[in-house]
Every structure is written in structure tokens, then in C-alpha cells.
Amino acid sequence: MNALSIGVAAALLVVILAAPKFGLLARWKRHRAYRAKSRSEDALKHILAWQHRSKLASLESLAGTMGLRPAAVLRVVAGLQTAGWVESGAGGIALTASGERRALEVVRAHRLWERHLSDDANMPMGKLHPAAERAEHSLSRQQVAELDAHLGHPQHDPHGDPIPRPDGTISALNAVSLNEWPAGRPALIAHLEDEPQAVFRQILLANLRPMQVVRVAESGPNHLAVEIDGRQHRIERSTAANIHVREIRPQDALPTERTRLSDLVQGACGEVAGLSPDCQGLSRRRLLDLGLTPGTRVEVALDNTFGDPRAFRVRGTTVALRRQQAEQVLIRPFPSSDGAETAP
Amino acid sequence: MNTEACDSCPAHVQMAKMGVDIANCDHVVALAGNPNTGKSSVFNALTGLRQHVGNWTGKTVTRAEGAFGYGGKRYKLVDLPGTYSLLSASHDEEISRNFLLFGQPDCTVVVVDATALERNLNLVLQVLEITDRAVVCVNLMDEAKRKGIEVDVRSLSRDLGVPAVSTVARTKEGLSDLVASVAGVACGETKTSPSRVAPPAEVQEAIDGLVPLIQGMAPGLPSARWVALRLLDGDHKVREALLSGELAGLADRQRQAAPLAASRIKAIAGAQ
Amino acid sequence: MTPVSVTPQAVLDRSDELRRGLDGSFRDSMVASLYQRAGELAGRSVREQGAGKWDFDQRIDRILTSRWLGLPVMLLLLGAVFWVTILGANVPSQMLANGFFAVEAAAAGWFESMGAPWWLTGLVWHGIFRGLAWVVSVMLPPMAIFFPVFTILEDLGYLPRVAFNLDWLFRKAGAHGKQALTMAMGFGCNAAGVTSTRIIDSPRERLLAILTNNFVPCNGRFPTLIMLAVIFVAAAVPPAAAAFAAAAAVVAVVLLGVCFTLGVSWALSRSLLSGEASAFTLEMPPYRRPSILRILYTSLIDRTIFVLGRAMLTAAPAGALIWILANVQAGGTTLADRSISLLEPLGTAIGLDGVILLAYVIAIPANEIVVPTMLMCYLGGAMMMDITTYEQIREVLVGQHGWTMLTAVNLMLFSLLHNPCATTILTIWKETRSARWTALGALMPLGLAFLVCLATAQAVRLLPL
């Protein structure tokens, strides 16, 4: 009796420890493997980022960003060297050609995942980066390719960084920091740097989004006053350094005089000027499919108890949209609700 | 009716082999359309079945099948979930689109709401990109009349290049005309020449660059233009279908009425 | 097979290359050109004479969705549906019960006179037949009224307005506004409600809708709620207001269910299913005149008979089982008494009793048979003939079995919250294909039901009321 129960307990213990998939040993091994993989990939990304800034990474810089002890960093770099991904010389650590490919693959997975979270799951901009930091290490090549196809082969991530292509090339970001842009001239936001998080939060608080038109209204020694959608925001110069802008090109086809569908009052109507550029993926398709194409006449039809969602009259049908969606429809309001014609 | 014409339909042979309880049906007819336009009502009126109808978008989330007879032929009718478009990647749109593309019905009835024709025609034009065997059913004519809206189905039919019939599914008004048109299209007696929308010039160029390749790969594919457009758009389902040879299989069937390709069974089974 | 001259990969490569040459906004311009053409075509074939009618539709809509009236009108409509159901179902239920139990008595007597063994008479007539009789008389009248009335609202186009009115609450809970539509389907049958969640695109929000659909009392549970509302709530007010009070009580329970739906969605959105509310677009169809004849036909023949048929399928074996439990003895007591006394402590702790829990265990296959099972257990061998009106049932429950207001309230709560029936659980599995979500969908409501009932029972007992 006693021996039997001891035997059963021992067998159970062995199963719990050594079961091929769910056993503690297997789990621990998987965890170790994942940690090693994510550490070396993070290191590759760091070295790549420094190389893009024409600098060479060092053991110290790696230890700093990755928050690891020097001994651990040494192990990671040694691993990368044996894999033939990095070479360390006098000036620091540099990527080999294959190492750069690998690093770009990780960056590609990261940015596609951000795009996916933003387009498909509507995740707010501020939460994308941490989530993608985790996902980038566990996506297989196959999964990345599928994701890319599913998203319709996007070229930029939600905050404007170019997504590396599968062949390992990446297009350059042709933009300058907002600090260097002349005051008074309108510019298009091309990219918002999402690291460090604290600065990025400041940027988001000021309601800045990629593909928006900004104008520096006033430029002081420590801050800038910028105008977006007719509203002024004050931005520290240190924050502005993380905002990159470029010239507005004719093919950007940005409507000039506009409000948002969410700003129309009950009974008012207007004409769709376009969809906001930060509305991408499935949600953009949805709005287009409902007929919210440029030149379409829309009218506010219904409010409700909570003021959200509201219903709009579009092409002979009534469609309810949440405020978040309505904000993404840019509108040229008609002067009065009657007598206005739809002129495409 | 001219039975010879019907026996020569490539679908005839395949349908018999479908194995999906349609062994004694001659033609497969799909019902597509925006949500809430009366597809299920038309389906019920034609088949005598009682698919649930309701006045809201999304009432039909599963596919229903039924049959009706006309002119000595049996027709399988498939009620698809309503969609606004075939471009998005949402689940129900995929069901409908896959059925139209891979199921290759002998005739697709696009049910449209007469009171919101503009919005509904968007889908009609997209369906006509995939198939040229289509009939437009302008339903809810009584509602339109109530609202003081008149629809000239003859001019619509002329503009679209496929038959258009006005109906009131509730009172079965116009359904016999609808069935006659469906029969004509399904048996190939009615020649259709669907109107295609000219895309923006640069897109047209890209399509022109791709269509010859697609035709080289799958000669005789009826919707090469549409496939080209979807590939340019980065549609992963069409991409997969291309890589797995499903699309080429479709083309083969179209030309020589080959045995039912696996894709067709899959499209039909997957539609539920 | 003709030789393939171009490989699929070559086509793909070429398309990737061409895409890179295209402007990113070409998709927009594709849709725009489709709509432009659609507009041209419609312009050529449509002639409008005055838009007066849509104004009329809109005027109705302005009331039904207005800031102040939208929600009250919604509650009023819901209340009216239940009021009509309760008012109309009362008399037919009693008549059916009277009829059936007269048949039972006569047939049992006839069996005896033919010399059939006692257990055969008991099993067939006091077991199986009695189970069926209870199910039909308790369920048929309310369903035959509720389904058509509800379908009229659906056919009018009112349901999307409900979703529109409530979406804000669902968004705050991290869920999708269309969940309100799936809940409306759940009124009919939770399994149908679970299937209808397919209208929600986002998998996360769809799972929320699936897991919480159970908090809408389905038609199988309405008879329980209605019976309790009539016996305990309506009896406490003057007869003239009885039906109103009962309807109000049922509405209150439904509202509580909505609160639980929102609360549980909120909690899940912040734990197991964390994420943000996704996009919401919903078309508000124009109001259409319902086709009454078709509604009567489909809701009576398809839905009522279907649901009733399913209930009867489970009621017959359940009736037999109860009879066996009540008549087979082991160690001097019947099996029924044994299991009841086993469940009694747990039942008492949550403000119910052993019989009610036993009824719920037996009723796992279909919620519809809870009330019949409970009554059959309580009544034991008594003749049914004497207990057909609600007053008589009240007498049995309160007078003989010590029910209090707490029992009634907790039974309503338990009925609202407890685990979904077997069909619904199976449907959840079919829709999610995941044992984990299915288990959660079954156990989470059960746990919640026990917790809530325990809390109310303890609160009532501790507070000097």
C-alpha cells in the first residue's frame, strides 16, 4: 500500500518534470531558448540602430540598453560571433552582411506586428512598441510572410518607420527633424520616434500623428509652438527632435480646408474630403466600402443617449460609426444644411 | 428548353460530382448582395424553405442551400452571407468571395435594394469583375415606391450588360421573371457582356502588365483581370490560391470541364 | 493538362514589383472609381420624387434613439413584450395543465384496471407523461406569445437601434456594439445567440460575446422567471397591477443580466482577453412593415415547435428519472431523498435548497425542464390534479417547503447566471474549437451564480431585515 503510493507519487513527479511538452524541464528549456534568442536579437537590433547613426556599438552601450550585466552581454556577443553575425574590432562591434540581414528580419517582424496591432486590433499608438518587442522574437519567417501579405504589404509602420523588405533592403527615411524645419512653412509628419517611451508619450499627447500637416508657428530657444488641425500645441525642442517631417508633395493629395466627421453637429452635412492617413487596414476598407469616398455627401442623422456612436446618412443609407471612426473621416462642411449640392 | 445547350455547360458534369446533396441538380445558383436586401426572402420564396429573415445586418451568418425546378431543370440555390464589398478581408466577405471564385456558380444573382441603389451597385460591379454569369435582382420595389423612388431596370440592365429584374420578394412579385433570367444565364442562352469599371490609369497599366502572365499561367481563367487586381492589392487568399495551383485548376475546368477540382469542394464546404 | 508556361511564383514576383511602382493610395482610388461608376449608373436609372418618406423614418428614429427617450422607450418596449407574454400565457397554461393532468389520472386508472404492474403505470404516466405535461403547459403558452412579438420588433428593424443605443456601454466594457444583437438572439436561444456572434469580426470581442451570451435568459429560462415573478412579486401587489409588477420584475432580471454581461466583459477585457475595443460600423436599416402572417408562421412552427420539441426530448427521460429516484429505495429512503439531503447544505448556504439544485443537475441537458423537475420533486407522489394554478403552486412552495422571498430572488439570480445548457456548451465548442474557452464559458457562469447567490443569502441573513 505504502510502496504503491510512493511509486505513484514518484511516477507523477517524473511526468510533471519530464513530460515532453508540458513538463517543467521542457518548459524551462523552452524558456531558456527563447531568452537566448530574444537577447541576441535585441543585441543585433541595437547594433543595427547604432550603425544607422554611423556609430559602432560597444559592450557598454549594449549593456546599457539591454539592462544586462557585462558578463551576460559578453556571452550574447560571443554567441553572435560564432554565428557569424558580428565582428568586433577596435572601434566596437559591427554587423556582418548576414548579421545585418538577420537584424533587418527582426526589425521587419517588429514593424509588421505593430502595423497588425494598429490596423487589425485598433491598439493605440502608445502600446504598440512594447507589444511588438515581445512578438518579434517568436514570429517565424513563414508567419512574417503571411502577416505581410495579410496586411497588404505595407511600406511603413504606424509611426512612419519604413518596413524592411523581405530581400533585406530598406528604404531611407527622407525627412528632417522638426527642429530644423523653417517656421511658417507647412510640413508633413513622416515619422515619430517611439523610443524613449516617455518622449513618445509627449508626442502622442500633443495629438501628433504620421501623415498630418504641421506648421511651426513660433520657434523659441527651448520650445516650438506647432499648429495641427487649427490647434496650437507647445512642444519642447528635445521632443521635437524625435519628430521627423518632410515636404508636402502633390501626390499626398491632402485636402486643405477640413474638419472631421465627428465635429459635425446634428443635422449638419458636408462632403468627404478623404480618410485620415492614420486609418489603415481593415478599418479603412470598412469606411471606404460603406461609400465614404472623397466627394460623397454625408449628413448627421442620429445622436443617442451617450452621444457616441452617431449615425450618418451616406449614399441613401444610415450608418452608425463610433466617434473613433468618425474622427478618421475628413470633411468639407457645407455652409448650410439645405440647398447644398454634391459636386465631386 | 434546349437541353443540349445545358448538357454542354461545363458545370453540368461537375455538379453531379459535387457530392454535396445536389446529385440531381443541373445548375448551381448563388445569391449574393449587401446585407438586408432580401436575399433570404428571395431564397425562401424560390425554394419554399424557411430560412430566417430579419431586418438587420448580419441575420444570415451561415450558408443555406435549397433547390427549385424550372423548365425541366433543377437548380441548387445557395444563400450567401451579405457583404458590402468583396475587397476587405473580413470573414463573411471571404466566404462569399471564395464561393463566387472557386465554387463557380452557373449564375450569380445579386440582390440589390432599390431604395439604395448606388451603394448596392458597388457590390454588383465587383461581382461582375469575377463572373460574367450574373443577374441583378432589384428587390424591395414596394419600399422604393413608398419612398417615391423609381428604378428603370431596363436601362440598368443595358448599362450593366447583364439581365436586371425588379422584384418584391415578400409578395413574390417578379420572381418568375427572375427565374427565367437565371435559367437563361445559367444555360448560356443569354449572352452577357458585363460592364467593367476602368480603374485609374496607373493601376490599369499595372493590370495590363500582369494579366498576360496570369493568362500564360492559367489560360482561359475568366477573371484574370480581377485576379491581377487582387494580387496588386496584396490579397493573401488569392496569393495562396495562385501558389497552390487552385487558380490554374479553375482555368482548366473552365476549358475542358475536367473533373471537379478539390478547390471547388473546399470552397463549397468551407462556405459554411 | 496544358504545359504551364509561367510559374505562379513568377506572377507573384511581377505583382510585387508592380505594386511597388504604385502609389500607396491606389486602393482608395479603386474603391472611389467603383463608387463613381455606381453613382453614374444609379443616376441614370433612378428617379426620386421627393424625399418625404425618409424624413418620416428619420422622425421615428429621432425618438427611438433620442438622448432622453431612447433608453426609456427601449425599456418600455421590452416591458411591454413581457407584459403581453405574462398576461396572455397565464390562462392557457392553467388550461393545458388541467387537461393534461385529467388525462394522466384517467390513463393511470385505466392502466391499473387493465392489471398493469404499478411500476409501469408509475413510470409511464407519473414519470414520463407528467414530465412532458409540465414542460408543455409551462413553456408552450409563453413561447407562443413571446416569439412572434419579439420577431415583429426584429422585422420592423428595431434591433439595430438597440445596438446603437447601447454601444457606448459596450465600448466602455471593451466589447463590440453588435454584441447587443447577439444578446437579442440569445433571448430566443443561447445557442443561436452564440452562433450569431459571427457578425463580430474581431476575435477578441467575439469571444467576449460568446462567453457572456449566457447572461441573457433564454426562452427555456423565461418560464422559471415568469413563474417566480407571478408567484412572488405579483402576489405582493393588488391584482390590477399584478401583470405589470411581474413584467417589471422580469425586466429587472433582464437588466441585471445586461449589467452582468457588461461587467464580465469589462473584467475579461482587462484580464484574459485584454485589448482595446475595435472599430464599429453598423447599418441602420430603414423601418419596414413586418409581414405578420409569415412571422406567425415561422415563429410558431419553426421556433416554438422546435424548441418545445427539444424540451420534450429531454423532459421524457428526465420525468422517468425523477420517478425512479422518487420510487426506488435504498436503505429505507428513496434515492431522491438521499440526493436531496446530500445537496441540501450547499443549497441552503446559497439561499436555495436541495431540491432546486437537484432539479438543476437533472436539467443540464435543457434549461426548460427546471421548473417541471422541481415541482415533480416537491410533489412526490401527490396527485397533480390539485395543483395547477399559480396560487396552488405558491401554497406548495411557501406553505409546505418553506420558500421565502430570498428563495425566490436567489432562484431568479441562479436561473439568470448559472451554466448554459448542453446545447449551448456544444455550440460554444463548435464556434471556438477550444476546450479551454468552452470550459470557461460553462464554469465561469456557474461559479458566478454560486458566488452571487451565496453573497445575497449571507447578506440577507446577516442584516436584521
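Each chain gets a letter, A, B and C, in the order it is written, and its residues are counted from 1.
Going forward, contacts are C-beta pairs under 8 Å (C-beta built on N, C-alpha and C of every residue); 3 or more make two chains touch, one makes a residue touch a chain.
A quick note: this is a predicted structure, and the numbers were derived from the prediction, not measured.
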Chains as vertices, touching pairs as edges: which of line, ring, star, complete or other describes this one?
complete
Of the chains present, which has its C-alpha mean closest to the combined C-alpha mean?
C
Inter-chain pair with the most contacting C-beta pairs
B-C
Roughly how far is chain A from chain C, going centre to centre by Cα mean, in whole Å?
42
In whole angstrom, what separates the CA-based centres of chain B and chain C?
36
Which parts of chain A, given as residue numbers and ranges, touch two or more other chains?
152-153, 282, 285-286, 289-291, 315, 317
In chain C, residues with contacts to at least two other chains:
19, 23, 27, 31, 35, 39, 160, 201, 282-283, 286
Shared-interface residues of chain B (touching two or more other chains) are 85, 87, 90, 115, 117-119, 122, 233-234, 239
What part of chain A is in contact with chain B in the complex they form?
146, 149-153, 282, 285-286, 289-291, 314-317
Given the complex, residues on chain B that touch chain A span 84-85, 87-90, 115-119, 122, 233-236, 239
Which stretch or stretches of chain C touch chain B in the complex?
1-2, 4-12, 14-15, 18-19, 21-23, 26-27, 29-31, 33-35, 37-39, 41-42, 44-54, 151, 154-157, 159-160, 178, 181, 195-196, 198-199, 201, 282-283, 285-288, 291, 294, 297-298, 301-302
Touch list for chain A against partner chain C, complex
120-124, 152-153, 155, 251, 253, 274-275, 282-291, 293-296, 301-309, 311, 315, 317-322, 324-325, 344
For chain B, which residues are in contact with chain C within the complex?
35-36, 50, 52-58, 61-62, 85, 87, 90-92, 115, 117-122, 124-126, 143, 146-153, 155-156, 159-160, 170, 195, 197-200, 202-203, 206, 209-210, 213-214, 216-217, 219, 228-229, 231-234, 239, 242-243, 245, 247-248, 252
